[in-house]
Amino acid sequence: MEQYIFYILASIILVFSYLTVTSRMILRAAVYLLFVLIATSGIYFMLNYNFLAAVQLTVYAGGIAVLIVFSVLLTSQLNEKMEKVTPVKMLSGGLIAFAGAILTISTITQYEFVANGLAELDPSPKAIGYAMLSYEHNGYVLPFEVISVLLLAAMVGAIVIAKRPAKLLNEDATEVDMSFPTSKDAYKSRTKEEIDSLLK
Amino acid sequence: MDILSLLIVIPVLTLVAIAFSKSYKQVRVIAAIGSGIQLIQSFNLVWQYLQERASGNTATMVFTKSYVWFEKFNIHYDIGVDGISVALIALTGIIVSAGVYASWGVKEQAKEFFIWLILLATGVFGFFIAIDLFTMFVFYEIAVIPMYLLIGVWGSGKKEYSAMKLTLMLMGASAILLVALIGLYLYSDVDGGVRTWNILELAKVTMPIEAQRIFFPMAFVGFGALGALFPFHTWSPDGHASAPTAVSMLHAGVLMKLGGYGALRIAVGLMPEAAQEQAWFFMILTGIGAVYGAFGAIMQTDLKYINAYSSVSHLAMILFAVLMFNVTALNGAVMQMISHGFITALFFSLIGMIYGRTHTRDIYKMGGLMKVMPILAGSYMVASFASLGLPGFSAFVAEMTIFVGAFQNPDIFYRITAVLVTSSIVITAVYILRAAGILLMGPIKNEEFKELSDSVWYEKVTLVILILSITVVGMAPLWLSNMITDSLTPMLQRFAAL
Amino acid sequence: MSIMNLNSFIYMRHELVLVAVILLFLLAEIVVGSKNKNFTVNFAAGLFLLATAIGFLPIPYGEMFGGMYQTSEVNILMKNVLNVGVLIVFLQSIAWLKKDENEGRITEFFLLIVSTLVGMDYMISAGDFLMFYLGLELATIPMAALAAYQVYSIKSAEAGIKLLLLAALSSGIMLYGVSMLYGANESLYFADLIQNLSNNPLNILGLIFVFSGLAFKISIVPFHFWTADVYEGAPMNVTSYMSVISKASAAFVLMTLLFTVFKQLSQEWTYALYITSVLTMTMGNLFALRQKNIKRYLAFSSIAQAGFIFLGIIAGSQMGMSTVIYFLAIYIFSNLAVFGVAGAIFNQTGKESIDDYNGLYKTNPALALTMTFGLFSLAGIPPVAGFFGKFFLFTAAMESGFLWLTVIAVVNTIISLYYYLLIIKAMYIIPNDQPIEKFSSDFYMKAGLILATVGILSIGFFGGIHNYIFDISFGILN
Amino acid sequence: MIQGIGLHEILVVSSLMFFLGIYGFFTRKNLITILMSIELILNSVNINFVAFNKYLYPNMMQGHFFSLFVIAIAAAEAAVAIAIIIDLFRNIKTIDVEKVSTMKN
Amino acid sequence: MDFQYTILIPGLMFLSFVYNILWGRTQAPKIAGLIGTTSILIAAILSYYTAYQYFFNVGLVNGTFQAIIPFKMEWLRFNDLLFIDMGVLLDPISIMMLVVVTTISSMVHIYSFGYMHGDDGFPRFYAFLSLFSFSMLGLVIATNIFQMYVFWELVGVSSFLLIGYYYQKPSAVSAAKKAFIVTRFADFGFLVGILLISYITGTFDFGLLNDPNGAAMTQGAGAGFLGLSVMTWALILMFIGGAGKSAMFPLHIWLPDAMEGPTPVSALIHAATMVVAGVYLVARMFPLFHIAAPDAQQVVLAVGGFTSLFAAVIAITQIDIKRVLAFSTLSQLGYMMAALGASGYGAEEGIGYTASMWHLFTHAMFKALLFLGAGSIIHAVHSNNMTDMGGLRKYMPITHLTFLIGTLAIAGIPPFAGFFSKDEILVALHQSSHLWYWVEVVTAGLTAFYMFRLYFNVFWGENRHYHHAPHESGLAMTFPLMFLAFMAIVSGGFFMFDFGQFISANLVPYDIHIHWDVAGFSIAVAVVGISVATVLYMKPSAIPAKLANAFGPLYKATYNKFYFDEIYLFVTHKIVFGLIARPSAWFDRHVVDGLMNALAWITNLASNSIKGVQSGQLQHYAMSFVTGSVALVLFLLYFMTR
């Protein structure tokens, strides 16, 4: 039984992964990604890592996927289909990825993994909590603290980018100088023509 | 402060003093004083050295001092001199002094000019007193790199191209050399003991022949390129043609000798087995250089090119002699370094002075200068005669020593190359007299040149210093020759074991 | 396994002090507000100076958190070197931060930089792959934000996104490798891995994937492509920080990883390093030859330098390690001198093309001279320190038998000399009708440049520095 | 442990997912979709860790915790990435990855 | 007997040179002249004194003249065996040369007071004369072959300086260069010869080299090349040096051009002293030539004999009086060489050696006389061409008379000096080689002919219209003429001056007696030559022009010196410059330098060609990343398995 559930989950993962990276409708791709993430959490459940599965669902499926969808909405026209991938790109990218996959999978499958056969540690939330706050071997209080710094820094970073210099917004300007904006004139929003010329 | 380190300290102090001086007048006076003190110190060193030898000190190097620098690599600031380095230090002292007077007229960015010039001199002095390969290499590079700016900023003609070419080729050679030096260091413990950079210690080690085969050519080419070894000499004509007077003097007069000195003391001196094995190849190159450089000079019309090619030819003789493995030729090599140093410096200073008046270096645009500026022209004549190896001037002594030395090897191949190299005396006569004839003699081609003035006092100082040196060495060579020969003995003992 | 107590937190003083600095920044921002620029910059610089000084206090070292965190003398030394480097970066950035465009974002800059520094410190001290990974990410994610700091500039945003996405890819690949190592060796703790790691395909796969991840940070060919674009797009000071601190820490970590965790696979990683270092030196130099933008130019120059660093790592000996650290220290000072001058000029005039440097010496001799020292040091010309670093790298490599690699490297130094001389040429030789006008930098910039110059000029002459580094280094051959 | 399913099966699935992510990174035209590919990559790594932990070394939870932290970091990464992407979009009104190439050579 | 003072003979001249070159310009010109002249006169007196002491006070020891080395110092040491000493070697020939050089030089110094009067470079001229005298004296007293080489070179440069004395005249400059370079080329042979000999024998010392019983005689016998022994080759090479200096065919081309120098210089250097250095060299090394390398001696004979005839033929057609004299010099030098080449070692067989030295001596006197006479004429007429002259005997009686004496001497008419020495040469040739004997007899006739052609053309013939009437020169110029005329008479056998008593190949005195069979014939030949000249040139006549037409091409070839100048020009300009120098300069600039530049170019090309790799495309970067990782793994797993 579990076997079949796994196969189903595995095929969901693979099929929707494939669709995520090929779909030309960006919002659909996001939804496919959501499916993949959910299926992954299903595997975690099957492996009896319930806490992890829950985190996967909340953070990944609930957080990141929503974030992505949100940004998609901000930046894209939903009806618009993305341009087709050029064959050259598809072929070269596919070839490299395929070669990598063959290489790794063949390496892995040829490798005889040896289980240490020791008794399983109960992955209950309580045990996880203890481990999380332990400073012994296999204790994770230090990473826990460090990641808090990371999250703080990431937050500050995201804010600093999102927040445009207040002084420089909404002022009329006549010139655009991308390379070195010495005057605040530079910060006005650009027209499409200007952007096109800049991107050339 | 020991007597040798003073040779570095004095120029460094001069540098500092120049950096704090206010006007170009102050700068040049300070430079003159500094180089004057340095010159006295150089002569003092010669004197002290002769005293030391006279008092029975037979050590390979005297006045040695050693300070640890990088302990883990066994790098020391090791200094010491023997007759060869003492002679070359005296040469350097003289030419630097002469060079300072020759650049008396530099007004544009004079401070920087003299700083770089003296820095170059510092590198050369350091190179000659160092007996630790690493220290030596450091000074070597210090001596080479100021050339870039000296030529690039104060030069003329295609100065940027020439400066870049010169620097890249010389630094490229020195990079190859560096590998060889590291190789020497790494193989210095084959007989047991610790690894060392010290030349004296290295001389006792017999490096495995397989390693020598790799590192000898690297070292020889590395030093050889600075000594204008064919085909790595092409930086020299362009570089000299573009360089300002004093820089040409110092470079051709002193800096290029670093190549010969290193080839003698390090390439051949420390790896004689491979040197002997591969000598044939480099003899072909040097033989070609000696003759071909001279032929190249025949067709030049730019005075500096003539002299640059002439240097290629004369310096090839040094490297040629170095490969001969006998006391006479090696002695000749060192003598030639000294002799060529003086002569080429005299030439370049004269060319600079003439150029300063006529604003051209094309010999066909000049003529009959003897009439207008007898002192300069006469000095040029002296330089010409000295250069073509006339007795009474230093080059004769040096070249004859080389030729005699080269003939002491009975091998037919050595003999043929020796004759080939000897034949350059004829070609030298051709291009030297051609240039002098067109430049100094005949009718005056340009009416404006009739108004030109003869030398002024500081130019005379330059000329007198150099001509005096050339003739003193040319007329009384024995003391110098003996001083050098004594110092070659340890090296020859090593060769004798081959 | 030592017993942890509160006293042992002192082992972690670098990181803790820096985290405290972050908190104080936040506190100051709240209390003082962002309006008082002078206070903010003085506070930040002063605080960081204090933090740097604390780092130098002679304090014991050991391991904590069950081996997840470990320090040794050499780790502490590296952290101190990084601290000094960051201090100089701070000093050099202040003029830029005070400009209008950064109104209200000064503290954030300091905060982001210090947090990446914390990440690097953790990475250096990591005792298992989790900490290592966290440190790496902490050093990377805020860095992307820093690269995109100039929100009005396309280039800056482009730099940020390129860095972030490629870094994510690289860490993804690295993680895959780590997972393989975990699968094959039971543990993620370095101490266990050193015991368990053996020569099997899975470990080699893991090795290469981890290597790729770090090589990405050091900008090793073919993982280097982001470097030029990101360096060019990012603000000058961030570029300088990335090229110096980030690269040095990653190189150091790669070296310690290879020397400890992957000791058993030394033959494999030697091949990998050999190939990549040749590629890196050559490609870096070839690209640098034709750059016109100073930041891009320095990007390729720093790529080439990374190739040289590999010479020391590949040596695998104690000598190799000591020279790598020595070289990194010198590299930091040299590059900071060059970037400092470029930054000063950029701040003043907005010029960052090499052609704009024509005739710089005539108007700004001090800046030109500093730049000259820095470039000579990068090129490896005595008497400035870079020469010693390179010389020792070559010696170490040849000592371990890599003759031809060394020959390739010296040939590359000549190519590099060419383009370093191009700037010298621009500054001293090429005449210019409109040179950059004479200007005077602020106190901080001057202090930063002087610090860097003193470092360049002095490190080579004091043999004791190298001695000390050698004594605390280790190699896999002993 | 999943009944009847060996470690290799899970690893093959995750590896395929990994390289699908890589493929997506190579070929997608939109920066956000590239970000999605990265999520795929990280996800597959997580599966690896978890599977190894469960199948081979269940006495400790190293792989499990690793996955946990990877998820957290993925979130942070995504946040910053999206901030930058939006900034970019504000600047050039597009998030086409091929357009984001003003600096080259 | 203590001869240490002999070092003063060259020493004084050196001091005079140094003084004049450094301070001569700053003083009245006369002072320079006086210093130079005084020095050379003292040197001359010292030389005579030395000669007297050597030949009469020291005299014979054990029946031979001993070589004395009163002064020697080490100058340069090559190794334990080879070193250069600077010293004084006194033996018969060096003393004879001292006498010759100082005598002629004194006369020229005095003569130049008149000749060079009022010239800008008066001090310079005297400085160079002193330099030349110093070098030449140093050369003749050399104790070893390398010392000789040292002064040999110095002589060459003095010659260069004096030929190019009128440096603003392009022809003078090129003549000077030509002289120097041609002799330099010969010196190359000389040097290689020295080096070879030094290697074979391990010494430079004349004493050791020339000892007939010494090791040097056999050391070079073996190990040959092209069938000749090493020693032969070495001596041939040395002879090339001598041939260059003595302007032997085919290295003779520089000497006629050297007449561009002031006439006193021609007299001193290019007639009397320097050009005999080659002869002196061979004489100096004579034992070696004769005993160790007879083949080399044959070469000397052949070259000398041929040159004498060749030059005499050319001299017939020249119209520049100095050139006629120059070719006659060549011809006479050929005699000397041939005599050395034909000579044996000692006694009757060694007569060639004695004759050669004697001829050297007498030739110096009468040729200097002729040149100075020519100088006097040129001074008066302001032209070198004999077509501008004629009937001068009325204007310049002293010049005329002394010139006639010189002409008779060279023509070999007894009792003038030339007769005796030339007769001995013919005797020597008669003894050894009939071919060369006949060649030299013909040459003697030609000599008489062309000298009298010159004489008649200048002093007889029709009067020209001179710009201003020619007049006899002053005492400063006529005194040397008279003195030398006197010497041209007495230095022969007129007073039974027996040269063989002093100089012979083996240093044993030998009694010379005139062989009237040979002499009678040679006188007859000379008289024929004179008669023909008298008929043709004493009165203006049309015959010479007709003859010239009749011989057409031959005349033209002779007039153009058999086109040797053109051949040399072709070789130097077209072959050496055009085919070697220019291509090598081109090769250097374009190929060697081009290679270095190509390295830079290739690097740049590589740099440009890979710039596309950095495409700016994020995804390309990612591909490269993954490719790199995968490739490394592949490489390590499948290609580098251990």
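As written, the chain order gives the labels A, B, C, D and E, with residue 1 at the start of each chain.
To be clear about the criterion, a contact is a pair of C-beta atoms (placed from the backbone, for glycine too) under 8 Å apart; a residue touches a chain by one contact, two chains touch by 3 or more.
Treat the numbers as computed from the prediction; the structure is a model and nothing was measured.
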Common contacts of chain B and chain E, by label, are C
By label, the chains that touch chain A as well as chain D are C, E
Mind having a look at which chain is the central one, using mean CA positions? B
Need the CA-centroid distance for the pair chain D / chain E, whole Å please. 97
Taking the mean of the C-alpha atoms as each chain's centre, how many Å separate chain A from chain E? 99
Rounded to the nearest whole Å, what is the centre-to-centre distance of chain C and chain E, using the mean of the C-alpha atoms as each centre? 77
Centroid of chain B to centroid of chain D, CA atoms only: how many Å? 65
Chain A residues counted as touching two or more neighbouring chains: 89, 92-93, 96-97, 100, 104, 107-108, 113, 116, 138, 140, 143, 147, 150, 154, 157-159, 161, 198-199
Using the touch definition from the top, which residues of chain D touch two or more other chains? 11, 18, 21-22, 25-27, 34-35, 52, 56-57, 60, 62, 65, 69, 73, 76-77, 80, 83-85, 87, 91-92, 100-105
For chain B, give me the residues that contact two or more of the other chains. 168
If we use the touch criterion from the header, which chain pairs count as touching? A-C, A-D, A-E, B-C, B-E, C-D, C-E, D-E
Spell out the part of chain E that touches chain A in their complex, as residue ranges. 619, 623, 626-627, 629-630, 633-634, 637
In the complex, the residues of chain A that touch chain D are 1-3, 6, 10, 13-14, 17-18, 20-22, 26, 29-30, 33, 36-37, 40, 43-44, 46-49, 52, 55-56, 59-60, 63-64, 67-68, 70-72, 74-76, 82-83, 85, 89-90, 92-94, 96-98, 100-101, 104-105, 108-109, 113-116, 118-121, 123, 127-128, 131-132, 138, 140, 143, 147, 150-151, 154-155, 157-159, 161-162, 189-190, 192, 195, 198-199
Write out the stretch or stretches of chain A touching chain C in their complex. 104, 107-108, 110-111, 113, 116, 135-143, 146-147, 149-150, 152-154, 156-161, 163-168, 178-182, 184, 186-187, 198-199
Complex interface listing, chain C residues touching chain B: 319, 322, 376, 381-383, 387-388, 391-392, 394-395, 398-399, 403, 406-407, 410-411, 413-414, 417-418, 421, 424-425, 428-430, 463, 466-467, 470
Residues of chain E defined as touching chain B within the complex: 25, 74-79, 82, 146, 149-151, 153-154, 157, 160, 164, 167-170, 173-174, 176-177, 180-181, 184-185, 187-188, 191-192, 195-196, 198-199, 576-577, 580-582, 584-585, 588, 592-593, 595-597, 600
